[in-house]
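Common to both upcoming complexes is chain A, partnered first by chain B, then by chain C.
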Partner chain A sequence: MDDLTSAASSRWRRYAPGIPGAIALLVLFIGPMLFMLVFSFWETDLDFNLVPNWNVDNYLRFFTVPTYLRTLAKTLVMASAVTLAGLAVALPFTYFLVRYVSRRWQRLILLAVIVPFWTSYLLRVYAWQAILGERGALNQVLMFLGIIDQPSRLFVYNDVGVFVVLLYVYFPFAALALYASLEKFDFGQLHAAQDLGARPDQAFRHILLPQIRAGIITACIFIFIPILGEFLTPTVVGGVQGTLIANLVVNFFRGAQIAEGAALGIVIALFVTALLVVFRKYLRLEDVVTRG
Partner chain B sequence: MAKGIDPLETMPVSPYARPTRWALWFWSTLVLGFLYMPIFFLVLFSFNEPRTPGLPITGLTLHWYEVAAGNSVLLDAVKNSLIVSVAVAILATLIGTMAAFVLVRGRLRHADSIRIVSTMPIMLPGVLLGIGLLIFFRRVLDLELSLLTVIAGHLVFTIPFVVLIVAARLKGFDKRLEWAAADLGADPRQSLRYVILPLIWPAIAAGALISVTLSIDEFIITFFTVGPQVTLPLYIYTQVKFGVTPEVNAVATVLLASTVLLLIVSGLVLRGGRKLMKRGAK
Partner chain C sequence: MDQTTQGSNLTRRRFLQATAGVAGVAAFGGIAAACSPGAGSSAGASAGASTGASAGAATGTFNWMTWSDHYYDEQLAAIAGTGIKSSITELSDNADGYTKVKEVGGQLDMISGDALWVPKYYEDGLIEAWDINELAVSKHLYSIAREFDFWNSGEGYLGFPFGWSPVQLYYDPAHVTATPDSWDVLLDPKYKGHVVVENQPVEVIAYMAKLGGAKDPYSMTADELATAKGLLERLKPNLLKLTNQATETVTSLVNGEAWLATGNLGTEERVKEAGGPELKLFSPKEGTVGWMDAEMFVKGGKNNSLLRPYLELAEQPEYIAENFIKYGRPLFNEGAYKLLVDKGMQERADRYLFNKPETVLTMTLKGPGSSTQDAIDTFNEVFGA
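Right, the complex of A and B next:
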């Protein structure tokens, strides 16, 4: 009897410190998500009230209204494009860093990659407005060089602007993830492969790439997923044309169409969760988070 | 490049090795340029005279800093942001550190699933968290939105960061130190106070620091959970959206400078902590 109570109390003592965290998770995350799920099956009536009229129309709408489908497709294309570009920018960069730069400089350059993370995300997006905009630096330089004679609006308030800014905002995540896995790679293996007759590109493909797979997948996830929820960049530099899926969610909520917005939110959340579950084995959250 | 000791590193294996290396060097320089160009212009335009930020630079002035310093809405926003971020940092660090202990040492059943669910708020886009909270606060609990709801909203994603960082440190912790403490007669509370906490405090400090920075910068969740108050990101957003003057650039520059300063100071503090660690580990 005494044993039982002492076992229970020791277990209690073990779990007790986790209770505030569990409550926070339950009340501030799981609860809201569950209510979002519930409301996504309700209906917004003509007076913008939420009525418990259970149905799946909010979901069906996305697969029937072309605008939604088009925006969804465009978001996926944009996210994929930025992910590939992010890898293309970050992989050579981190490869050079790990292989050819001394430890001391590696640390400094890595810090230089991290510092912009610590500056306001909003301001980093805004900064691009002053570069890509009509009176922006890019136009001024191009005009000065005589390449164009009038300010161009080609760079901002469209998909080009959104692409450039998203690449800018997210490629550092890729750099951190890739750095973490390249750092563990033994470059002697590349020499060994070449000694054994592999061409440099073969050695790269068959020896290096498989060993940094976790880093590559983590990098992809850290670029791809946030873009699915990206609403600020399209708002600031995207204009009318640059709208992404999360802008639709926000617009629904601005228009007090909560049921519709909740349904679209749930679609995105499920998609993100599916990605995380599929790639959970490779995902190195700590590599990116604890460095940043 | 000072790796000349290793003959493998200096001996070009392929005739393309050297050009490749130069290409990589060139690319990396471009990448760093790309990273800092916007920040450079952001700062530069804060000193420029014309009312709209942009080129050409017609004259240098501190005028926009004076404008910012005299703007009561902005100062109020800064005050609100500081209140929120300090409250968030304290709560998130306390709650997150305690939770990390249970996650790492609680011998929980389904520990892996719990870990995944508890880090979900980091990976899930902020728009979804914000909207979920808005629905929950307004439609379910019928709360008035205020700075309190903002604080609650920021806790959602700052606690997981603290948990991750502290848990990583706790996992790397040499358990023998604790056994030694127990052997020498320390009770659990003393061992926590004199052995464990001194060893993991750099992680706790890093967690608090990240919480402050994330909270000050958080726009999306604030946007959905705030009442009539204005915080710094909300102020910047309205400025960016409607009528930009270099005042925003001045604010940005001050923010940037204070962040870098904070980083340097905390870097020094953490380095001090690490030295302490090494001494503790000996």
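Right, the complex of A and C next:
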């Protein structure tokens, strides 16, 4: 009996620290998601009431109206492109930073990477509108340099603008995740590999990349998943051409069509969950906590 | 060793107790905050609803969901000096406000709404009808503003009338050389990528419905909706962007990226003042939609004793005239019009039809319709990838 009590007490002590987090998760995340899930099977009547008339029409709409599938596909392509570009920019940047820059300067440069977070996301996106716009700074510079004769619309109100701004917005996440991984890497291993006959690219692929895998996957998660829910950047700099899937969700909610919006939101949430399951196969939690 | 273990256990237990306590307090606090009826009204404010203008006694904070042009900072600061403060939530759309009031009820005290949305709120038991003439400040309103049939329930008036405007089409004559008179100009391929409209799906569809000859642009038949969709598909390549607010439209017109735009009365003035081109405007021959809004008292609002005293102060002609100068569209306040005339601004006020509030009766008024969901679906289908 004492053993049982002691075991129960031991289990309680082990799990108790997780209770506040579990409550927060339940109240702030799982609960609302369950509401959304239920609403997604209801319908909105002409008086904008949510009516518990259970059906799957809202999901059928998503899978039968080509626009929604096309827009989701486009969103996935955009998220993939920004993720790859983010890694392509952040990896050399952090590699250089960790390997060739003194600790003191590393801190200053990392601070510079983080500084944009001190201003509002909305302000940063609007600032880019001023940079990329027809009469924006970029066009002025290009015209001053004689590269173009007239202001170009190539940079804004299209997918190019959305790509550039999303890359800017999410670069710090990738840089910080990769920095944390690279900082712990022993660069002597690259020398050792090359001493043993490996080419630099082989040493990079077989020695460095596997050891910063957690950082790379964390960076991918931090960039790819939030972009699936991005609506502000496409609205401000994407114009009519830059619409992503979240913009269509917002239209439903603004029009008080909650059931329809909820269904679309759930589809995105399921997609994100599936991606996290895939990522989880390649990433242990300890990797994120201790390395990434 | 034993003592150490005990001490360690004690510390851990205390830590756990403290953690659980903090989490409990935080969770309770969060839930309580989410459910709290007001943003902190005084005892005076939470007293029963007052009748008449008892500005002297009431102090506190009331919750107001409204558009950003219904107030300005200096006005709110001056009124706050009397003890009446407002906690404002931005209103994006009528449907948004309507569903919000349905969800939170008396946690909101006042909400702004347009035209035929106002009786909809009342029919659904969301707002109070009251005697508008009990407010001294209502004598500054045009008489027509106190007598709109659709805002009169029989038991009282449904809101305090504020502003109005038909949606007009603005164009830069430097680029749009013909003299357009129809919504059709928005579809002209010559203006590809130079048209801007506000990001309000139901309204944009309504514009196309007007062009397509729909009887009621908010309650369309399937055929009317199909026609509107066809027109929307032709509009899409011409659109530069869908703006989130009127100021964005003004910016696009000022910097020249937009040549054509929809807007409220007074947009051309705001563009000119911001250094933009001289715009021309017209009201489409097919007719246009328009808005006229009012401040409604939410039924069961916990701080509604502050609303009448607030309106007595906020709707004074001086404030409304200043609001007109800042945001430039007609309002229902005749006292403010007279003040503008006295200040030598009659020409501007008349140009904005400030002296012709009866114009609202010629517009297709914004209101809830039976084709909202189909309109949003159509909009998404056209503007998705």
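The working rule: the second predicted complex is superposed on the first by the 247 of 292 C-alpha atoms of A that agree within 3 Å, B and C clash if a C-alpha of one lies under 4 Å from a C-alpha of the other, contacts with A are read in each partner's own complex, and residues count from 1 in each chain.
Definition applied: a residue touches a chain if its C-beta (ideal position, glycine included) is under 8 Å from a C-beta of that chain, and two chains touch if they have at least 3 such contacts.
This structure is a prediction, so every number in the text was calculated from the model and none was measured.
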Practice item. Classify the contacts of A:Q140 with the two partner chains as first (chain B alone), second (chain C alone), both, or neither. Key: first
Practice item. Using the touch definition from the top, say if A:V65 reaches chain B (first), chain C (second), both or neither. Key: second
Practice item. Name the contact category of A:G229: first (chain B only), second (chain C only), both, or neither. Key: first
Practice item. Could you say whether A:A24 touches chain B, chain C, both of them, or neither, answering first, second, both or neither? Key: both
Exercise for review: For A:I258, decide between first (touching chain B), second (touching chain C), both and neither.
Suggested key: both
Review point. In the superposed arrangement, does A:T243 touch chain B (first), chain C (second), both or neither?
Key: second
Exercise for review: Name the chain, either chain B or chain C, that contacts more residues of chain A.
Suggested key: B
Exercise for review: Check the residue A:I268 against both partner chains and state whether it touches chain B (first), chain C (second), both, or neither.
Suggested key: first
Exercise for review: Please work out whether A:L46 is in contact with chain B alone, chain C alone, both, or neither, and reply first, second, both or neither.
Suggested key: second
Exercise for review: Kindly classify A:D149 by the partners it touches after superposition: chain B alone (first), chain C alone (second), both, or neither?
Suggested key: neither
Check your understanding: What residues on chain A does chain C touch that chain B touches too?
Key -> 17, 20, 24, 133, 135, 235-236, 253, 258
Review point. Taking the complex as given, what residues does chain A use to touch chain B?
Key: 14-15, 17-18, 20-22, 24-25, 28-33, 35-36, 39, 50, 89-90, 92-93, 95-97, 100-102, 109, 112-113, 115-116, 118-124, 126-131, 133, 135-137, 140, 168, 172, 188, 191, 194, 199-200, 221, 225-226, 228-232, 235-236, 246, 249-250, 253, 258, 261-262, 265, 268-269, 272-273, 276, 280, 285-286, 289-290, 292
**Study point:** chain C residues within the chain A interface of the complex
**Key:** 12, 16, 19-20, 22-23, 26-27, 30-31, 92-93, 95-96, 98-99, 102, 124, 193, 199-202, 236, 239-242, 244, 255-257, 368, 370, 372-373, 375-377, 379-385
Check your understanding: Okay, in this complex, where on chain B does chain A touch?
Key -> 1-3, 8, 13-14, 16-17, 20-21, 24-25, 27-28, 31-32, 34-39, 41-42, 45, 52-56, 94-96, 98-99, 101-103, 105-108, 116-129, 131-136, 139-140, 152-153, 155-156, 159, 161, 163-165, 168, 206, 210, 213, 216-217, 219-220, 224, 233, 236-237, 240-241, 244, 248-249, 252, 255-256, 259-260, 263
Practice item. Would you tell me which residues of chain A are touching chain C in their complex? Key: 13, 16-17, 19-20, 23-24, 27, 44, 46-49, 61, 65, 67-68, 70-71, 73-74, 133-135, 153, 157, 235-236, 239-240, 243, 247-248, 251-258, 260
